[in-house]
């Protein structure tokens, strides 16, 4: 692979995947729509074992904001391993963790006027959410949590209770309690301010809505269909949380780490959440790493009250530190992301425009996409794109949104190339005579 | 660092850790008892930033069974990264995953007559347990789960409900339901067979004990104080599960991957669990990786019914494959582990013997330790050991068990050295005039 | 006491109630606002032990729709007891129960085109609600239930979970799960149809609102502040329940038995609930008696699957049968109730009118009242009324509604008399110089 | 009916019960085994509408300890109703309630050195249990409750969670949480003290058994099969509750009101429970009435925090007062009950003796019976008895116990007559050639 612009050159025929059929659980999902055997990746490109090349507009669901194997991060990791740097440390103090904390403070927190403590939870987003929920319940002495329609927060029982998707919820096998799901911004259409509705019920001692320990919200709902909370609405929610004695937990696992332009997705709203959860792109290289940022006065944990084996994943500390240093010490990267996002938005609108009310551009920053009206059409589009070497996925309650989650490091040329293919696939998918077999 | 025997040379004075105090959550725990700044590690040795050297008899709570940065695993990982191998793959098919599955089948499953499918859960033990619980509830249509006294299964809500420790449980902030905790083998003393008690209640339609979806058990309770389930008792539990229509989930997260000698801790009992959970040492290098092994007929998941971002951690696939290939293709390693375990057991008995009833050796294989009668004495011992450059921890309901979790790759000489120091610390800790200040 | 119009002649000084203070629990409530020692009652009049007479506009919270000790019911009961009629029968077939069933079918069900089976639950409203919830969950295989803001359904755990009032809910001591509370008709003001909002979320598989076993609703919320569901809204809710596979449970415990004119409060809406719960005035004399009416195809109970000691309270069967026979065999009584209700409504509007926006008449039929804007003012009014010999209470989230629940058998003259006093008390309570001490 | 000894003269042919089949829910149970139409009753005798006479050895499951329509109670009630005594009073102070409280204090509490406050819950046993559980959780701030195998405490969700029977529990339709069921006295056989087992787990912070708000226990398990807690065991349980900060709730609903001889079943053990629940025979005439007795310092209710419509059932106050006055002011009645119980025990042993190990007498006082080894045989026995005019029922997990719950007022002659018939039925039921058809 080189760094010049390449054309996607997908492999036409699926490889032998009987190993997976025999030995891997039926629970696997992405591999069903993209049945290739991947082995190498660099920047926005993935390669399969048969030599096929794919443009990655999925980025590990926003886990690879800086692309695959970014050379700076990769080198930092190679050096660290070669020097026998500690890989696994439980929660001991390590030089790698110290460097990360210092970089986080200097490069992210101080410039934004934020004062947080970092809690290294188990290295998955759901674990950070579970930790945040525990802390909110502990600090407030309350049990109920308010989450939102179409929210996605993870698959372990505590987080799953906060997740809206019925298919995911049904997997629990037990009732998911102590959480109610309020309508997200715009859920009932433009005429109804759902924050006001929530406030009314929380203010009514006979509403049956228990006083919450926390309000758990995403600024942009990635899995839920690229629904965007307006800055006004977020500020109202933050105010509601404060007035009703609840903590505001902002789940920035998918929308954070620059995905919407700023490091945090809530920066534009000017709010300061009580707890912020981060994961996915935090390590910068796709390594498992998750974090809950806590306002110091809320850091009322007892030692070990929430723990886990892999919360000191030093490889991730190393790459995360390198990523913060490389991309975030000045505003250049953020500015570039905004430029790419503008391009993305313009092009998506152009793609959707011919279809009038049938299609609608949604999202913010570099997490935008098109609601194409049905999961059937959306799946046609992503299948057609994959057949042309573009990796892209759907989201939303009915999988009706084609979601562009390109690496933030994508060049204009690469992004244009991908969107050009997407445009063709949209046109193809909506033709009356569409036939999957024809693909 | 070299490979010859070294003496522990701990750093006498704690380093400046104000960065952690200012920026890391109070929830940190191990670093409190071992306030050094670690940076390098190889085999059984850890180094701090001031040049101190420590013999690691904790092994990341059994996450580093092959020691730190084992050269074979390290080289495999360096080669993979250098070649731009995919780091993060969601659950796409990757060459790294395929190689792992093939090695797992060939080296672990087939020789043991086991037929399992691998479910790659989120890369933490608790996530594997959550997945196992979900599946058991889905398959059986039941909600109740039976766990055991002193069991430890993780900190997310579903797993935490199965964990016995009150301090951990209290962190939930909500009631932990759908689980009851039955007495483990030997809990009520030698005269009472706790499996029979369980069977009686499950057979009585008015006992109030709901028919369970699963019985979740560890063969050796690592966190719970090195309590060992006898082979007979495990077979009874397996039989009870079968007769009452429940799945047997064997949580082998701490005791598996060779810790008790065989790859699985339940091999001696000759049982075949319905689901086995693995994590900790699975990657071989301490990287986040977890797995649930499912009997194929139980693999009734819908695609994506349990998912997560980091369940395709290819770095871990690479090192895990290398570890299986290097250590498990023949019986040499297992035989060596048994020899070390014999040595460990003999020496621990010798250490405990002078104290008569006050001390008791517990555990099995390379997870043995001494119940010293109180958490106070145990903590004195581990503190004294750390002051002498030996990293070792306690476990049990009252932290009353000093637990030796050395890397399985430790040499006889290294193990003897560590136990010699431990012996001195035990003697010191029980002296009437013990003073922590004297340390 | 006679049957001619009497003036209320309250006792001025509270009696010695030290017996109650010493021996009865603090949980007592009504006796705090009305500290007299009552002993006799007839029709709309209650007498205390000191000879004071009180006009009862509370009717045991709608448990005495036919007044106290109605002569027809009283005689039937005296005859039954004198003849050694069975008092307690568990759920054996008794002649008293048979007579009730026949009368219920003939007088209530057949004329209304209803086909229900009667389930005799424990003789409290909450027990009927618990039974209805159990059956809905059993029949649908679902667990979630939708109740409404300001709903009141009882105080045992299952019913309490469906009750909106925070003070009541807090008494549970455990989280109240498996229920969410949706906005009742008009909750968000005139511009928002809350049935549509509910439908939208139930139709969205990612809303996080689980598919419900039942929708539990009152046609008029008695405890909740005399909120009235419109016929249109009720029909929409019935339709929503049907379309989403949920049972419609109409809780007619307070609003049924003629309180709104028809025997059932939902008759005007023309809906046929799947389950109807009745209690309070069912026995006609205030005796404990409750009932769940079930559509026959839903009667999937196993024998004894819900039971209880007092579900065959034959004294109540006797008086209930007499009440149905006396009041409901033709339309005379219903017509009279409508006339009284008209009078009540007109007079309440006249009372409220001078206060403009500060006061608002609420309710339907013979359960109407005035929202006076605050619990403080409402409590002044009821206190002033009691001081003048009128027993009347408040309801609503903030006790802000003065609620007239007169016996349906009240004469025009009696009702006018009571409302005349109420009018005076309202005027008194809103004066700027109001002083409780002045009473 | 007269007061002289009569022979049972059952009606041979079932009456037409199509009314019930058409109009009453399938949930009915007792009427299935005893398909007659009952209408009158006096003392130990019930009459059906066809003139059949039945000896009642069931007593409404201990709700009619003083027999049917006891003349003293009946007259008190007739006088009260005739004088227009208040029937229904919400929780207002009434003369009837005052008289009851004074009689309770004077006749029951003071002589036993007890200091309790009376909480008038909804008039069903389950409501009293729900109230007790709420208060225990409120006072302790804990949520978990310990109940016992084979315990029965009611059918509303809170009480049902404490009930052991799987058939009843399954009716809940939701998981029954916050309660665990520990083995009752003798559950694991004579060699194991189950109180010690409980104490061990409560004393172990890693047992997974949460610290309880309450321990809820029956001194004799009526529904559970006449299992008797020894005085020693009860004292141990009381001590365990105290040491672990839990309230001891003694559910005396079935075993209280003289059933075991003393007014309370726990008098022999010399313990003072924190809360006692009473219902069933409390009114003396089978009228709905329930009560929770609270140690005054636990009476931390807010006004109305637990309420209900029928908690001021004045008819029941009147008969309950008459019952306490008539039966309990001196020791005569209690002495007679002990004599009858001795007779009952001797005769049951004589009946069981010929069958050796196959049969076993269980119970205490006037709640004794025979475990006949299987529900099939027990049901044969009760069916044969009914065919001979004796009303008697089974209990136990498998309905294997034939339970004699005669009115305590039964004469020696009547009891002998009933037991004579029972003896015949036992002999008949165990014959190898038994055929139900032959009945």
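We call the chains A, B, C and D, going by the order they appear; numbering starts again at 1 in every chain.
Going forward, a contact is a pair of C-beta atoms (placed from the backbone, for glycine too) under 8 Å apart; a residue touches a chain by one contact, two chains touch by 3 or more.
By chain, with names taken from UniProt: A, B, C, D = Diaminobutyrate--2-oxoglutarate transaminase.
These numbers were taken from a predicted model, which means no experiment stands behind them.
Common neighbours of subunit A and subunit B, by the contact definition above: C, D. Distance from subunit C peaks, on a Cα-centroid basis, for B. Chain centres here are Cα averages; for subunit B and subunit D they lie 51 Å apart.
Chain centres here are Cα means. That of subunit A falls 59 Å from that of subunit D. Subunit D has its Cα centroid 31 Å from the Cα centroid of subunit C. Counting partners per residue, subunit B has 143, 167, 174-175, 177-178 as the residues that reach two or more other chains. For subunit C in complex with subunit D, the residues that touch the partner chain are 1, 15, 17, 19-20, 22-32, 34-42, 46, 49, 58, 60-61, 63-64, 68-69, 74, 77-78, 81-98, 101-102, 104-105, 117-120, 122-127, 130, 133-134, 136-138, 143, 154-159, 161, 167-168, 170-174, 177-178, 213, 279-280, 285-288, 292, 294, 299-310, 313, 315. Within the complex formed with subunit C, the residues of subunit B that make contact are 174-175.
By the touch criterion given at the top, residues 143-144, 147-151, 163-167, 169, 175-181, 183, 187-188, 191-192, 197, 200-201, 204-211, 224-225, 396-398 of subunit C touch subunit A in their complex.
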